[in-house]
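Everything on this sheet refers to the single structure shown next.
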């Protein structure tokens, strides 16, 4: 039914000097708009970008990866992508401090995209923190295919829920969970999943968020036939498949487990194929 | 002004340009090939290949450090069979120049890898990565001890015969790199690759434990460049005839030029490609410009120039 | 919340706070004293003093490198007589805590320096900088060879008697730092200072020759921090009871915390003071905050914390 | 007659976060104005500042030294100092890229100042490149003391001559030399010195510029009784006397040569005391 995009290298990837055309604070995040021209056409929900950070005298030698949240086209600046960035450490804080007109060195689109079903299925979208970013764009695509789309968003606290108003329109239902109860229902985003899957006859779950959340969802779905397409987030040094830092243990069709690069065999991966208990363990082939 | 001769040699291998990938920093080559034509650089140095498929070390495998990074990949790779069938075959098809890097847990494994590569068409040279642990000697790194380093190189030399240049890749984590360099040359290496990563560690402030799955990792990037320049300079001073493939923190043409002045005949680029997929082309173009601007008529003239007396001007 | 015990010890020397200057990076103390009160930090570690006045190496003596610098000062200093009469007397007058660093060209010079310092009031500990060339043994650095390192420490121990703690300062430029560490402890050192600078070189693109007057120089600053953390971790793992004065690239409280988790009981700050004259106070305040935030009730609890099994939580 | 200020540590030095209040391109230089409040009162011609460069993620760990060109006070931003910066490498280029309102971490005033004669003497001021920067302020002070002040400025080319119009008013004569003849007279700044010294009965030369220029002036004056106060420029790692990188071989009164720190025993030093031929050589005590 839902084919997983195992693209290997993303053939559309290009490197360019791109201009910041917007930077707005939304809750604890920054919504950053970057003009990338015609490349928007190649950017699919699930793909990410890799950005050089810190400017010409930077002590930071590695790029930072960010999920592409949405793509837009405007008469003003042409094609643009939107990122939802949490100012966490030095790299992301630098990015959040950029103002309109500044330029960044960016590589995009990278990685696999969410697989889009060819028939109309029932989809549940689950986003943790800024993990909701790519889900709104995905929801639109799924709705166009005639899918029923329900959404769950969660975070530790309300200001870490990223839920654009426009995005809400494209889903059949949206429920929000915060651990401290400061927004929506109190509790973990994973608590209602089992029930929703059966109530709404979910065929596929699309998830994006912290690894612990993705793992918990996979465990809930274990053994069932709901497809789980999750966008993982492993520390990446290169984002283009040349460093082998970003690996995850993934089972292939023959049942053999191998360390796959989450930057080119992911970030969207089949949740059922990831050996969650082996993440962070030494694998013996 | 006459055309700059940008070519270089490592032993009897000839390369039209002096910038190479660094082993382990270009995967199988396919990934970079979408950003530039692999034939445009000196050669691709493959990741170090071992006999059997290897999953490598546990994650996290990297930590960014000031002007550098630590990695603890642990030589993940497909093993020599799959490598020959897939990666190497593809590179040969691309008409890229190829230096194959090999690694082993025992001296015997190095020799048997060399045996598998003997006579394989399309390989320009062999890089022997002896900066990995010797399982037969308490996990001591081969390149950190003269005898174990020599044993590996002798075995490879004997197996491979006289044609393919052998480049021994040394670790900077030694008291006296010149004696190791001399030792492996005596043992049959044709050239040296300097330097592999420097052993380092980062502690994660949240867990308050070593950040990397492998606890320690290898430091690379601009932070280590002064160490690379020093190692290359020392070795070139002691062994001026031995070709050196230099590496360590090169991210601009000026950086590559520095390693060449110190004594490198060619320069590998590793970490810089992570930060910039087209770094290799940028570095190569900048280096060509610098050599031209300085009035060199060939790259070769610049190799080891820093050793000439101050009075010898260009 | 109870008050944090921020004090530390190195052998039998007690210090109210764990941040120190690094030898050679605070001159005689007067220069920093105009920016903060020297009594507010753990102790001042003096520049390495030798028997006779010394002019040091030729300029240029420094080169900035990515996130670091090279220096080749060559131990310029006034000699022990003037040092005792002026610098030390002044520091004692300020009521600063003082660790005197000594350096020699022969093992005998170290011992005779120790003799001059024996019984001098106001000194908390002796740092023995054995990371300098041994003129009696082909200029080989004392700390790079087990026997020469041991000979120096034995001589100092014998001369100084049993009271003043001896801290042996080691070079990271060795194949096996743990064996050198163990050797100097066996020879009578009470503690270790880790790490001295890493040997490096920069080539000047204009002259195309080594930039420093001394050709090679010592690499310091954030670039080398992962090497320092690794060395401290390795030595603390092998010798958990031996106090370590850690140093190498510390420029924030978080950096100091990292060295402490790895096993340092105190932390020296060198290069960071060049970039920021009040770095030491900043680092000390930040470290106090971090320890408090993490729930430590004493600095001592955090020393070597990275070695505890993951299950042991705070 | 002219006492050399051998201050040792500059006791007025302080570290502060200062705001850029002006940045104007003048020829190949940037004239940068920095608000430093009451500290201006402590800044004397010859003193310098040390500035942290590259911002919070900078790979540059050392400060950069710049001569204080002038001090001003305005109702708008209080006390301010002016620097003349040549965008040379990464640090100075970063500084020249700052805009009004940005903040820098700065230490000042540092080092020795030009010694000011107590009687009215005839002074010749010689500036090479941006070395002219501190000379205009010095000229004003000297004029106030009733001195006759003549000035020579030189550079390789005209755009490297820094010669503010207002400054010209405070000197009795100004001659400009460029090596390529693109401004003023063609030739080296040192060529007219010997003649001027005798014609104008010069008592003291104040010089600032490249080391080779300072050395050449010292050689011209060798043996005579013209005092030579020169502001040297050695590579400095700290600027405050703690690193020993910035040393120059200087002869003391007893004739003993020692390596003195040019950051605290300089930058203004007695040109006759510097052992120019030993600069860059190993000194044996």
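A, B, C and D are the chain letters, set down in written order, and residue numbers restart from 1 in every chain.
The working rule: contacts are C-beta pairs under 8 Å (C-beta built on N, C-alpha and C of every residue); 3 or more make two chains touch, one makes a residue touch a chain.
Model, not experiment: these values are computed from the prediction.
Of the two interfaces, A-B and B-D, the higher number of touching C-beta pairs belongs to A-B. For the pair subunit A and subunit D, the distance between mean C-alpha positions equals 56 Å.
A straight line joining the Cα centres of subunit A and subunit B is 36 Å long. With each centre defined as the average position of its C-alpha atoms, the distance from subunit B to subunit C rounds to 34 Å. For the pair subunit B and subunit D, the distance between C-alpha centroids works out to 47 Å.
For subunit D, the set of residues that touch two or more other chains comprises 59-60. Residue positions of subunit B touching 2 or more other chains: 66-68, 221-222. Taken pairwise by the contact criterion, the protein chains are fully connected, each one touching every other. Subunit B contributes residues 63, 65-68, 70, 144-145, 173-176, 198-203, 205, 207-210, 216-217, 219, 221-227, 229-230, 233, 249, 254, 257-258, 261-262, 290, 294, 305-306, 310, 314 to its touches with subunit C in the complex. Residues 9, 11, 13, 15, 52, 59-63, 105, 107, 234-235, 237-238, 240-249, 258-259, 264, 279-285 of subunit D touch subunit C in their complex. Residue ranges on subunit B touching subunit D, taken from their complex, read 66-67, 222.
Subunit A meets subunit D in the complex at residues 53-60, 90, 94. Subunit A makes touch with subunit C in their complex at residues 59.
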